[in-house]
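Dropping the structure in here first, questions after.
Chain lettering (A, B and C) follows the sequence in which the chains are written, and residue indices restart at 1 in each chain.
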């Protein structure tokens, strides 16, 4: 096959697949967002944007992503470098660190609610060691800060492994000769990390970050479990439109807004972590 | 190596999935009896006596609705019988449901049957079972009842005083209210607070009496566990002791009574200046037009309406019969407690029963949202009551105008759409 | 937290072949303490889930909570007696396996193309791939269900696997892309000059290198499929997956069953990750050290 056509042949299966199982339903749903009683209109977009909870849920979603993703990035980088340096028990440690990957967000919500609720494990522990006399309602509407913190912790716990797995696989591909050379020139571990690991890890970093950010905008089950009615996010609003209000047009419009935000952030990350042409390292 | 093994597995899997297609069970697609134990009891104790195989599948509203819509849209179905709440049926187009008026079974209450007609002249769904919302309390809280208060005839003021006493004594706010995203808070406002204070729901939405109602609720909220914004099933907080006095759907309290029957009491909702407002929960059975076996579906509905099966359903789900039955003595503790509280509530001299919203069609969710938003803005957001009511009033009037829904009790009847005064 | 402080001195007992400077030594302690702290961070919440799973209904709602399980198997037994649970487990495994195979089969070639070729529409393609993860599936489920009912794919494990593959493909494509990018193209070229075709160069040289990437994609595909509940609840009736079977009833189940159900769902996924974890390490990068 001619080299000019080969890449297209390679992406053809996935393209066809996604056209049938994603693009086709996506177009049908998107049409509803622009539909109204009299032809095409932006009515649904106006409706969802003017609803009083829209700015709150938008702000909550963005703030949560801004708080969680950088921590996860740093944490997964730390874990990935640590696990690759490890001589003993590497398999086991990596396994433990990837465990949250296997836990659905619904189950993660149940687990963390059991920790933070009033008669939960955290209160049991604090009463047990005498730090407080009676259990505190952590997830109370009066402490939005604690609710935010609890959600952020649960999200960091649940979704750091997604980045970790990608970074571990990526670090493994960095030839050890680069490190040896760096050591010969007297580079400290920190310099080696900055000058060798980070630049060579760029493709993996890019992928991990994009996937994580896109998923962060769709955060839902953990937030609902811990935040209750006090922490609306964009995704919970989409579900409310779709199923409580049975207003598919509005749900689709809001989902398209989330999609647009995701695309913007994806493009920013793609630009910031551009992988050099030719993809050689 | 690894992938090769997996591929073999998948090939085998394909063969398996192609194999089991044949099935003739009646598919019972329900939003009720979802909790694992209730679903199991439905299968083992209620449906096993049916002459034929029933596949009982409870689902959350989202998947329930999506699947049903997909079958209706494609014109071919697998669902035979639908079991759900009035609200879900009223949001459907009656043309998509089989007319059931000629079946010869219906509820004992003509009010319920009328709801089941969905505004047409024949039954679109058969009323199946009913429940209501109740109060429940930990027995330890009883000692703090205000002097002279009768727990079976409480007023809102007495309830507030009671919760205040409890907070004073224990140092914790121990009233529990299901204000979480899955909690049924809107029903409290529509069926309890508003009727008790304003003798209406829609007409009186922004009246002066409504301002008083919200002021009272705000006072009650001061003695409410601040974690209530996470609560959805008050049985959990009753059992854990996070809340001592609670309001919720009777079936969302059941586990507390069944687990520790001696620790809790159930009692009627409180009364306001306009009486003791309360509202029923009604579940119904229907057959979608796309049902593959409508005769079997009808046979299943007839079976479920038999008095003895209605009793079994009560045991399984905590929902009460809609036909006339003789109650046996060995009902579960939750049913006994709820039953006594319900008769005290409906038999009270100041009883002010309300009806379920009707005629709202698919705007039912928007209607609920008006009340939830009002709550969130006034109570959680701390906004001025009068301002919020005047603001939300416009949205409510729009919904009523758009649907043309006439007033329902306790609002006075209207010609045409129910007006917001 | 207590774990870390108790276990931190552990490296002291290990024989140290070379004398180390105090600075190095304290660095080692810090390193070990960090590893243990991070392990505890992951494990402690899971331990709480285990405690609650093995507690009687009364124990689950008492306060203060015990930190030691009482080994009450009642909640687990309830699910063991749940009608159809084994069949649901089987379906879940089938769907997850098919999802894994399909997402790698379709995804890896595209990842290779992205990493090795410059072609028109490449960026558009990458963004399009991502869109599939940026739009909520529950909204897409209705048109998909209509499509499936009309084509007869409805209520088959294969049909559900197709939807799950859609969810897993972006992971497969992007992960294989980033890992192919990490492999110097010179390596392949060297193989060509030694008489390999593009295909044999791929199987003999590249494939062993990208096994970690394939494994990572496989893990993602498996857990995405395993934990997906909405499409599973809408698109399957007779062939329910375990998640659709359990998870949607958990929201309203009594607390002790919630925890037990969550636990039952977590275990198979953990076994799977355990089984494939070693393939996550590259053959020549760190494995040789």
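In this section, contacts are C-beta pairs under 8 Å (C-beta built on N, C-alpha and C of every residue); 3 or more make two chains touch, one makes a residue touch a chain.
Every value quoted in this text rests on a predicted model; they were computed, and no experiment measured them.
By the document's definition of touch, common neighbours of chain A and chain B comprise C.
When chain centres are defined as mean Cα coordinates, B lies farthest from chain A. Once the centre of each chain is set as its mean CA position, chain B and chain C turn out to be 38 Å apart. As a whole-number value, the distance joining the C-alpha centres of chain A and chain C reads 14 Å. In chain B, the positions touching at least two other chains are 62, 240-241.
Multi-chain contact residues of chain C (touching two or more other chains): 61-63, 138, 142, 215, 250-251.
Residue numbers of chain A whose C-beta contacts span two or more other chains: 119, 135, 239, 242-243.
Against chain C, the residues of chain B that register as touching in their complex are 2-3, 6-7, 9-10, 13-14, 16-18, 20, 23, 27, 34-37, 39-40, 43, 55, 57-60, 62-63, 66-67, 69-71, 73-74, 76, 78, 182, 233, 235-236, 239-241, 255, 259-260. Touching chain C in their complex are the following residues of chain A: 3-4, 6-8, 10-11, 13-15, 17-18, 21-22, 24-26, 28-29, 75, 78-79, 82, 84, 86, 90-91, 93-107, 110-112, 114-115, 119-121, 123-125, 127-128, 135, 157, 162, 165-166, 168-176, 200, 203-204, 206-207, 210-211, 214-215, 217-218, 235, 238-239, 242-243, 248, 251-252, 255, 258-259, 262-263, 266-267, 270, 275, 277-281. Listed in rising order, the residues of chain C touching chain A in the complex are 31, 34-35, 38-39, 41-43, 45-46, 48-49, 52, 61-65, 67, 105-107, 109-110, 112-119, 122-123, 125-136, 138-140, 142-144, 147, 162-163, 165-166, 169-171, 173-175, 177-186, 209, 212-213, 215-216, 219-220, 223, 226-227, 229, 243, 247, 250-251, 258-259, 262, 265-266, 269-270, 272-274, 277-278, 280-282, 284-289. Of all residues in chain B, those touching chain A in their complex are 61-62, 65, 91, 171-172, 179-181, 183, 225-231, 240-242, 362, 365-366, 368-369, 373, 376-377, 380. By the touch criterion stated above, chain A contacts chain B in their complex at residues 52, 113, 117-119, 134-135, 137-142, 224, 226-230, 236, 239-240, 242-247.
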